[in-house]
Amino acid sequence: MSMVGNSRQRHDGIDIGLKLFTFMVLAALYLPIVVLIVFSFNDNQVTTLPLRGFTLDWYRRVFSNEDMLKATYNSFKVGLFATAITLVVGTAAAFAIDRTDFPGKNVFRRLVLLPLVLPGIITGISMLNFFRVLGFTLSLETVILGHATALISIVVTQVYARLQRINRRIEEASSDLGAKPWQTFLYVTLPSIRTALFGSGLICFTLSFDEIPVTFFLTGRDNTLPMYIYSTLRKGITPEINAIGTIIVVASLAIIVLSVRLLQDEKR
Amino acid sequence: MNAISLTHLTKSFPTAGRVVDDLTLRVRQGEFITLLGPSGCGKTTTLRLIAGFEFPDSGSVSVAGTDVTDVPPYRRPVNTVFQDYALFPHMNVEQNVGYGMWVARLPKREISERVAAALQMVGLSEKAAARPSELSGGQKQRVALARAIVRRPKVLLLDEPLSALDAKLREAMQVELRHLHRKLGITFLLVTHDQSEAMVMSDRILIMEAGKVVQDGSPLDLYDSPASPYVADFLGTSNLIPGNVHATELDSIRVKAVDALFRVRTRGRSLPTSANVTLAIRPEKTEVIAPESSPVGTPAQLTGRIIEHFFHGGMLRTAIDIGLPLPFLVDTQIKSAAMQGQQLPPGSPCRLRVDEDSIVAFAGSHRP
Amino acid sequence: MRASTREAWLKSALVLPPLAWTLVFMFVPYAIMFTYSFYTRKYPTFVPDFQFGNYIALFQDVQYRQVFLRTLKIASLVSLFALLLSYPVAYCLVFKIRSLRLRMALYMAVIVPLWVSYLLRAYTWKTILGSQGVLNSFLVWAGILAQPTDLLLYNQFSMVITLVHIFIPFMFMPIFTSLEKIPRSLIEASKDLGVGRGWTFLKITLPLSLPGVMAGFTFTFCLSFGDFVAPFLVGGPDGFMIANIVQSQFGTALNWPLGSAISIAILAIVLTVISISDRFERSGRLDLG
Amino acid sequence: MKRIVRNVALAAASASLGMLAFSALAPAQAEGQLSLLVWEGYADPSFVKDFEAESSCKVQATYVGSNDDFAPKLAAGGGVYDLMSVSSDAAAVLVAAGFVEPVDVSKVPEYNNVYESFRTLPALNSDGQVWAVPFTWGANPFIYRTDKIATPPDTIAALWDPQYKGKIGMWDDKSMLYNTARMLGIADPFNMSDEELEKVKAKLIEQKPLVRKYWSTAGELENLFASNEMWISYTWGGLMLNDLKKQNVPVAEFTPKEGADGWNDNWMIAKGSPNIDCAYKYINFMMSPKGQCGVSTVTGYSATNPVAAKTCMTPEEFKAKHQDDISFVEKLHMWQAPPRIDVYTNTWNAVKAAP
């Protein structure tokens, strides 16, 4: 009896230890984010402790910094276009892998999924070579193409996984009930993969919004926000960066919460 | 004009090989026909060829007199009830049922009227706004049915529609389907591996084996006169025992099987003397009797030893060792509790009296 | 038109755009990069050629070997620490948190930092680990250190910390997914058979979660292997990684052929890692959902 | 709800594909957007605002961290940059590679006022063409925190002093080789033999454990000094000192007894620039008193146009920046392009790669 008791106590100890560990890892994950936010309100040019006082000055500067605002606008543009392309091409690719057979399909599958684990710098450089051979002028458009290429694999994996799980019979049922193929796609298939599209689109947008290695090699005159931050970071840390970082954090959290809510509403 | 006409239909798959093999079949208007066979016999593929989900390698399909071999499913006048119902999870019941008319751009009022009528017919009017995930299995089944009949197809295809339901519900649905068939007057083609389901509902059953129809007839024909041991064993239960033709008579033969001598009707088969035959004996056409209760030496009786009794509701199934690898099964109607008490205990020797008229003999020896 | 022909048309309409895309934007660029790797540099440009000098340089010049080894070391350390941190958390969430809502909330909590700018997270570590940083001021305030230490920032330690922090979600997600897929009945069966918790973990849970571990390891390893921002921001004089070399070959050194050769080498390493992990888990994919 | 999401997604996808196709056809750059590839301080808002107002050209600047950054940025494809501020030692490479346009000096009225010694530098004049307009010059001494280092150092060897371990800064640039060579007494730092380069490399690798960071921009160095990460470093004379003093960081510069690097920066026009007019306008602005003194005030560098400088500098300032006696330049070790530049970059990379 006492042995059982002891072992239960030991197991409870392990459980508590595990939970404590989880809590600490989570705390460590969020520590930098908290630091980022705290210093965005700190009334000191240098980001060191102790905190001096509360100020909104850094935010004011962000909104009067034209370069930064332009870069933010560019990042939105790049993110939206790149996401749109990845969704269209990536969904088609997922369908092609799931539903068709063609010579070289395996090579295609490997190639299209490669950027998922391939360091961005390789994608960036290979595309830089490519654009240079073609004599393209580097611009936001080349960045968009680069991001789309690097991120398609995310849409492909997500949509492919979903396609594998959806019941093919419901598409047959739709066709059986007289829906033309495009109707079946629009009214039955697309709604079934909608959350995958939504989720992967969200991921693609945020990753594109945050992308450095590909952008680094493919951007022309225009800066994206990360490139702007990248160049300012070397110049010097100012709480202005913390302010824009805080805005990004809050905005992304809002997007996530909103999208989760949206998807839940739909399920209901 | 035939409702369905399949001519020399052949379909192969890369991994499974030839699944439908030179199949020719005519279904009359208004018939309730069943494709019956074990899984992998090609019955579902045949249904999918009719629905248009698959296209044949050769041969042709026509529905209601029109060749639809190359017509995509959405232009065929047939509708399907799927095994797993295949309801659209993101639509409610009403939208599911109305889908076919909605994509055809029918007027909204007509759609809602017809949907209401169909839901009423399957008794689900109050569930119109529910999502499929909120329905029970039987209710989903009804929605699938309503969705398929609401478009008034020429032919309704049912792919194992009841297999996911529990036994009680299944029986109720069998009755309902039969009733619906009579009421609608549509041709029903049912695919199932459940022989009792087939026998309860169908006008005609086609037994399939390896892509071919091996027997075609009314349930009674098939039961009484199976064309092969395969059919005999598949439809109901049969004891298949090997024998040897001892003597031939005008329309019957005498067969020596194990230790008994049976007189068996030939039913037109040519079974010459000393030919090896297989006898199919129905369990319910046999009676277990105590060894002493009948005069020793009656030839049409097998002797054996009781292994075990199995109680099946109103019926008792007894397994008897008669010296063959498989036990001989006998079904006895139990009419009273007293009768159950009178059964011989396991281990006792016994005799088996067989209704000789019901025995069917097939040429050759078969291993079930 | 025969229905099957029409279907074939539809399918090729589906296949062609992504196929064309991968061909044009991936296959061709890789091929160009591969071709360049045999060219000869003629400062400040390069000329077409077919010679293996760039690859030979990779093996002969000690600096490339040093950096390759350092990059391997950093990427391995990052993957290892990310694993050691992620696995217990994933395990705890799957097996110790009973409420489904809470579990999903915690899952999201681990994933959400992924949405916070990579660059900003790297940069914040600079704020935390610096000589006058948050951690140093805390340690001095707490009396643990007499004066701030330089040992926290601008070295390989700070790089590993930063990269672990950045890539933890990539390690965590596949492990969580694979743990969640393990049927509870298996674990109950094992316990039912009188196997203790430790052995049940070693014999049932751990082996069944290995595919997730492999997938996570692959992602973390490959991504940190190719990182060039962390060395740049928080790395010190000994923080040069292979991607920085590539960057400098396409930058200051202006040696595109050599840079291409190194890129091809990285590509080869990544492909090797993928095929090794593929052996363990055929469908090694990331579930970012 | 689902239909809305669906429609929005579809609309977004089709719209963006359309817009992408459209923007691919549209001209890549708007006219009048002057894109500069320059050192920090050469596009400071303090004077760029005036320029934008009077020229109706918009200025957008990308900063380099090394003279070796120019060629790669231009090699990655034309059409991105219009105007560069290149040091003399890096100019010849750009000319040889065909990355730049010759300068039509008739469009630069102030050109003839530039010190002749700069104007006639061989690196800027070849094939009978003028390739660059010199506009500023200076020396690169060393900088240190006066609150941490009490006695002013006077030698390059101070950057090898173990007592500053972890507080030493070096510029991420091949010019560190020149300094080290000078410290080691090598006669011609710009044309070292393989053995000499080996010696320099070994010395720099020996220094690595003492180094905090190889910095690459002025801002980075300033930040490292301000946050107490670094106490002593190579510096771009004037610019960082000015900035750090503005932030109240106690710093001073020192010129080592081995001598300091000297340099001059020149405007060069990128080949294929779509904004030639704006480029000339900017060159002329920078050669004018506004530009010459604007840069000098921001960076502390000296001007190349004494005529313009005289009109806007105080006499003391004019003297302090050695504008009156250009022979001062001869005391500096002016950067030259090493004939074996690729070996030099490779050596510097090897230093960084070393453990």
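Observations on the structure shown:
First chain written, first letter: the chains are A, B, C and D, and each begins at residue 1.
In this section, a residue touches a chain if its C-beta (ideal position, glycine included) is under 8 Å from a C-beta of that chain, and two chains touch if they have at least 3 such contacts.
What you see is a predicted model, and the numbers here were worked out from it, not measured in a lab.
Counting steps between touching chains, the shortest path from chain A to chain C takes 1. The central chain of the assembly on a C-alpha centroid basis is A.
Looking at contacts between chains, the pair that accounts for the most C-beta pairs is A-C. With chains reduced to the mean position of their C-alpha atoms, the one farthest from chain A is B. Inter-chain centre distance (chain C to chain D, centres taken as mean C-alpha positions): 35 Å. Each chain gets a centre from the mean of its Cα atoms; for chain A and chain B, those two points are 55 Å apart. Centroids of chain B and chain D (each the mean of its C-alpha atoms) stand 88 Å apart. Shown for chain C are the residues in touch with two or more other chains, namely 130, 132, 250, 256.
In chain D, the positions touching at least two other chains are 2, 76, 227. The residues of chain A that reach two or more other chains are 46-48, 88, 128, 181, 191, 217, 234, 237, 266, listed in rising order. Against chain C, the residues of chain A that register as touching in their complex are 11, 14-15, 18-19, 21-22, 25-26, 28-33, 35-36, 39, 46-50, 88-90, 92-93, 95-96, 99-100, 102, 108, 111-122, 125-130, 133, 145, 148-149, 152, 154, 157-158, 161, 181, 196, 199-200, 203, 206, 209-210, 212-213, 216-217, 226, 229-230, 233-234, 237, 241, 245, 248-249, 252-253, 255-256, 260.
Interface of chain D with chain C (complex): residues 66, 68-69, 71-72, 75-76, 93-94, 96-97, 166-167, 170, 174, 208, 211-214, 227-229, 341-342, 345-346, 349-350, 352-355.
Interface residues of chain A, counted against chain B in their complex, comprise 167, 169-170, 172-181, 183-184, 187-188, 191-192, 266.
Interface of chain C with chain D (complex): residues 41, 43-45, 61-64, 66-67, 70, 130-132, 148, 150, 153-154, 236-238, 240, 244-245, 248, 250-256. By the touch criterion stated above, chain B contacts chain A in their complex at residues 51-53, 72-75, 78-80, 82-84, 86-90, 99-100, 103-104, 147-148, 151.
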